[in-house]
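Two complexes, one shared chain (chain A), two partners (chain B, chain C).
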Partner chain A sequence: MIAELGLAALWLAAALAVLQMVSGAFALKGAEGAPNSLAIFARPAAVVQALLAVLAFFLLLWAFAITDLSIKLVATNSHSMKPMLYKLTGTWGNHEGSMLLWVGVLALSGGLLAAFERRLPERTMGATLAVQGFVGLGFYAFLLLSSNPFERLPVPAIEGVGLNPLLQDIGLAIHPPTLYAGYVGLSVAFSLAMGALLTNQVNPSFARVLRPWVLGAWVLLTFGITAGSYWAYYELGWGGWWFWDPVENASFMPWLAATALMHSVSVLAARDALRTWTIMLGVLAFSMSMLGTFLVRSGVLTSVHAFAVDPERGSFILALLGLYIGGAFTIFALRAGAVAEGKRFSATSREGALVFNNVMLSAILAIVLLGTLYPLLTEAFDVRVSVGPPYFNPASAIFAVPMFLVMAVGPLLRWKEDKPARIQFEVALVAAVLIAVISLVTILGDYPFLPVLGLGLALALGVGALLPLRGRKLSRVPVATYGMVLAHFGVAVSLFGMACEGAFTQERLAAIAPGGTEQVGDFAVKLESVTPVAGPNWTAIEARIAVSRDGGEPVILSPQARNFWSPAQATSESALLTRWDGQLYAVIGNQAEDGRWQIRVWWKPFVTFIWYGGLLIALGGVLAIVGRVRVDVKRRKAADMGDERRADIEALDAAAPVPAE
Partner chain B sequence: MKAKHQRLVLVVIAVLAIVAAGLLAAWALRNQANYFYLPEQMAAEPPEVGQAVRLGGMVRPGSIVTETDGVTVNFMVTGNTDDAVPVRYTGILPDLFVEGSGVVAEGSLGKDGVFLATNLLAKHDENYVPRELEGMGSAQAAKVAADTTVGLTP
Partner chain C sequence: MNRAIIAFLLALLAIPLAAQDTMPPAPYAYNQLDDPALEAQASELMLTLRCLKCQSQSIADSDAPMAGDMRHQVRSRILAGESPEEIRSWLVARYGDYVSYNPTISATTWPLFAIPVLMIVLVAGVLLRRLGKRRDAAEDAA
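And now, the complex of A and B:
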């Protein structure tokens, strides 16, 4: 019954998406102030559709929880002996389930928008919901026609196949849902941008509606990418935290676009400038989300993320991609001319700095996009290449470095027009920190160029990020400003971690006999024993490694080489020792013929700062949302009270007797 | 400056930056993209010493020699012809790396003609396979890789 109910809920939701689209489109026909009688269905359709899509997702979750082996998806991706947590998270650890999660989040964000957003004019809202319904419809069609998660098996399987062991980790509970919520949260930014463009409502009040959605999606993307990076770091056992893998790039590109969009929305809300630019970024951000979905889900890339390779699905998503992105940019090209110019500003103003950083972010986006698509393009000509860090690192640094420099001082500038001389002290301070750090590190040792530059930028940016608070009464600073300061400081922290990891990592790879000792950095690493162990669905070889720092109390690390039996696969479980100033990372390899074991140990100074920084950035975004929403609620309350007062006064005036002549 | 004028200037700046990024990317990709070689291709037209490339083929049976440090491995990679490229790798071997199996080595050619691998990709499991070895038995790997890399001009 579960599968049939879920499928019925999905079909109904798809039908409601059609209703939402048509009814929303009718809102465009009505004149302002006189709502079209057919337009009233769009909001309820969106809300009910959200409920149905979420219901379908929970039904699939239930099927996985009870391991209903008559459902094909459960039988091919789950196993009755798997721990409960991985049964649940396994729901989206496969192609169909993850697409259902995608669609569920899409419908949910559309439903929330329809239920709670009352500030926009009805025509704009109708157009927005129509676009949202149209996007939803395409993905419902994809799910129902080519990747039905509720397909039954003719004969129930006796036992499931199991889940890829790399995915049997708590990371699967956090990384995909947050990343998807971020990806798909951008769909609302896309729909709102299209709605405002179609009804010519690109103005500051529209930007204030758009801002919380962009901020929310951006926070989730930031958190999802941070979590994914840490997951790959400890799960793959390669000691790296970012591989410029096409799938990682697929999540990084929407983040870049969303970062640019978030800043440009702020300019539009505060200063009524950058109107068309904001709309374009809104379209671009969600286009990158869909491109990411295409790259990851179509099977054109092979990685741990590509669950199934099916050309039909690939062409389906590619067709959707072409329809939505092509359609959106066509409408943009046709309508952008009708959007009136925004307010002017001089080059040395906060707007100017934000525009500069927007352009730099877009350039980095172009670099990453071309590097990601290049191997796919050359493959069409039968040339197989791969593009990795030697391309991405320097090419993106060329644009990232000026961006970080402007970011350090940009927030100190005033809106509209400012004299650079006014902030000369701050600029000098940031420059002094930058030069001092770079020269100091260069004198102290011979390190690669980019990490040293990154170190200098990180400290300069860390100082620069706090400068907007200088000379202000801290209790009077708006919450949103704290959010900005925290997020910028988080970028500095993260950059510091990346630079330290790049410059100061020490590595030791050796074959050690039990009882033998090796030295890495300040740590003495002693292999005590190697023993077989067993888990619920795996067996493993586990090493007991005693590590002591500068002869201190030894700590036991136990990295494992695991063998899962369903599906049969081997993974390497790293062991981590976290200290405030870095992490020791140990993995065990094979046994050499003479009985020694291969042990690989890294000491990575301040590597944890990469993810602390990511968390700070996300937290900054949360503070910004809280601050904006609080101000908005206060403003609305004040407006309501003002209206009441005016109504009272009018009532009094009307009741007052006409004074005698 | 009029508002319209300013918008034009902004558009021109943005377009210039994006075009610059595109040109930079095109230039860097030509230099930094990591080409895929078969052993016979590497023997006929070796890439420059130190240039990052990938070498794909089969581990010649009986050629795996572990050095006394226990972590450095030397082996020969063969393709469709008799050409074989010596490979040297220091690190933890992938689980399914055995004699006769398909392998893709990432690294660069050393001065002495030995390919110094920084990373080895072997057939892992059906969910995560090096692209070049996808969907085939190990013995077929080199052959099919050859069929799909025609027109390769390093």
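And now, the complex of A and C:
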């Protein structure tokens, strides 16, 4: 029954998406103030559709929880012996389930928008919901026609195949759902941008409606990427935290676009400038989300040729991609001329700095896009090229370095127009920190160029990020400003971690017998013993490694080499020793013929700052949302009270002339 | 006679094949070079070579046996005095461009370098148009 209910819910939701689309489109026909009588269905359709899609997702979750092996998806991706947590997270650890999660979040965000957003003019709202319904419809069709998660097996399986052991980790519970919520939250930004463009409502009040969605999606993306990076770091067992892998790039590109969009929206809300630019970024951000979905979900990454042999799913998403992105940019090209230019500003103004960095973010996005798609393109012509860190790092640095420099001082500039001389002290301070750090590190040792540059930029940016608070009464600074300061500071922290990891990591790979000791950095690493252990669905060998820093009290680390039996696969579980100034990363490998064990140990100074920084950035975003929403609510309350008072006075006035004889 | 030679040659071919499954990892697959300077060279190079059996990992990030063999190749060749770029070209000659994460300008990769240059020009153009003109407008207005 579960599977049939879920499938029915999905079909109904798809039907409601059609209703939402058509009804929303009718809103465009009505004049403002006299809504079209067919337009009233859009909001309820969106809300009910959200409930149905979420219901479908929970039904699949339930099927995984009870390991219903008559459902094909459960049988091929789950196993009755798996711990409950991984049964549940396994729901989205596969193609169909993750697409259902995607569609569920899409419907949910559309439903939230329809239920709670009352500030937009009805026509704009109708157009927005129509676009949202249209996008939803495409992905319902994809799910129902080519990736049905509720497909039954003719004969129920006796036991499931199990889940890839690398995915059997708490990371799977956190990383994909947040990332998907971020991806799909951008769909609302896309729909709102299209709605405003179609009804010519690109103005500050539209920007204030758009802003929380962009901020929210951006916070989730930031958090999702940070969590994913840390997950890869401890799970893959070699200490790498970013590989410029196409799957990672697929999440990084929407983040870059959303970052640019968020800043552009702020300019539009505060200054009524950058109108078309904001709309374009809104379209771009969700386009990148869909492109990411295509890359990850079509199988094109495993091999272009495998994709060409079985192209059903891939070409479906590709067609959707063409339809939505092509359609959006066509409308943009047709309508952008009608959107008035917006307020002007000089180059040395806060808007000027924001435009500069928006362009830099877009350029980095273009580099990542190029490096990700180019190998796929050549592979189609049987030429295999690899594009990796040696390409991405310097190519994106060309644009990232000027961006960080402008970012350090940009927030100090005034809106509209400013004299550079006014902030010359701050600029000099930031430049001094930059030059001092770089020269100091260069004198102290021979380190690679980019990490040293990154170190200088990180400290300069760290100082620059705090400067907007200088000379202000801290209790009177708006919450949203604290959000900005915190997020910018987080970028500095993260950059600092990356640079330190790149420049100062120490590595020790060795074969040692139990009782033997190796030295890495300040740490003496002693292999005490190696013993077999067993878990619910794996067996492993576990090493007891005593680690002591500068001869201090030893700490025991227990890395494992696990062997899962369903599916059969080996993984290394690294053991981490976290200190404030870095992490010791230990892995146990194979046993050599002479009885010694392979161990790998890294001392990575300040590597944790990469993810602390990511968390600070996300927290900054949360503060910005809280600050903006509080101001909005306050303003609305004040307006309501004003209206009430005016209504009271009018009522009194109306009452007064009644003759009182 | 001929048959004996062929059989002998076939047997020679078969030895490595039979040995492959049970062979322990090569000595330098999981062990560092003693000289830190040479090891630094080796690890810098290994980070830019693709593990051909994995999805988007360098040979310095992989447990695959083939990545281990390639690490051994890199370290032992560095020890024998070859330069990292010589080793890279040897690997590229053997496995194709695909093995190197560091694309060089060639007939098939030039867009990877031309497009960023174009982008710099484009970015400069956009910035001049958006920011340069504003200043003129402001001056006109003033």
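We take it that the second predicted complex is superposed on the first by the 644 of 661 C-alpha atoms of A that agree within 3 Å, B and C clash if a C-alpha of one lies under 4 Å from a C-alpha of the other, contacts with A are read in each partner's own complex, and residues count from 1 in each chain.
Note that in this section a residue touches a chain if its C-beta (ideal position, glycine included) is under 8 Å from a C-beta of that chain, and two chains touch if they have at least 3 such contacts.
Predicted model only: the values in this text are computed from it and were never measured.
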Which of chain B and chain C A:L166 touches, first, second, both or neither: first
Chain B versus chain C as contact partner of A:E417, first or second or both or neither: second
Which of chain B and chain C A:P567 touches, first, second, both or neither: first
Touched partner set for A:V359, first chain B, second chain C, both or neither: both
Which superposed partner A:E507 touches (first chain B, second chain C, both, neither): second
Which of chain B and chain C A:D382 touches, first, second, both or neither: first
Partner chain(s) touched by A:L236 [first = chain B, second = chain C, both, neither]: second
Partner chain(s) touched by A:G342 [first = chain B, second = chain C, both, neither]: first
First (chain B), second (chain C), both or neither touched by A:D245: second
Intersection of the chain A residues that touch chain B with those that touch chain C: 302, 344-345, 355, 359-360, 363, 366-367, 370-371, 374, 378, 383-388, 390-391, 395, 398-399, 509-511, 570, 572, 589-590, 592-593, 598, 600
Chain A contact footprint on chain B (complex, rising order): 1-4, 6-7, 10, 13-14, 17-18, 20-22, 24-26, 28-29, 32-36, 52, 54, 66, 69-71, 90-93, 95-96, 124-132, 134, 148-153
Parts of chain C lying in touch with chain A, wherever the complex brings them together: 24-25, 30-32, 43, 47-48, 50, 55-58, 60-63, 96-103, 108-109, 111-112, 115-116, 119-120, 123, 126-127, 130-132, 134-135, 137-138
Contact set on chain A toward chain C in their complex: 236-238, 240, 243-247, 301-302, 344-347, 352, 355-356, 359-360, 363, 366-367, 370-371, 374, 378, 383-391, 395, 398-399, 417, 507-511, 570, 572, 589-590, 592-593, 598, 600
Residue ranges of chain A touching chain B (in the complex, touch as defined): 164, 166, 276-277, 302-304, 307, 341-345, 355, 359-360, 362-364, 366-367, 370-371, 374-375, 378, 381-388, 390-391, 394-395, 398-399, 509-511, 567-570, 572, 587, 589-590, 592-594, 596, 598, 600
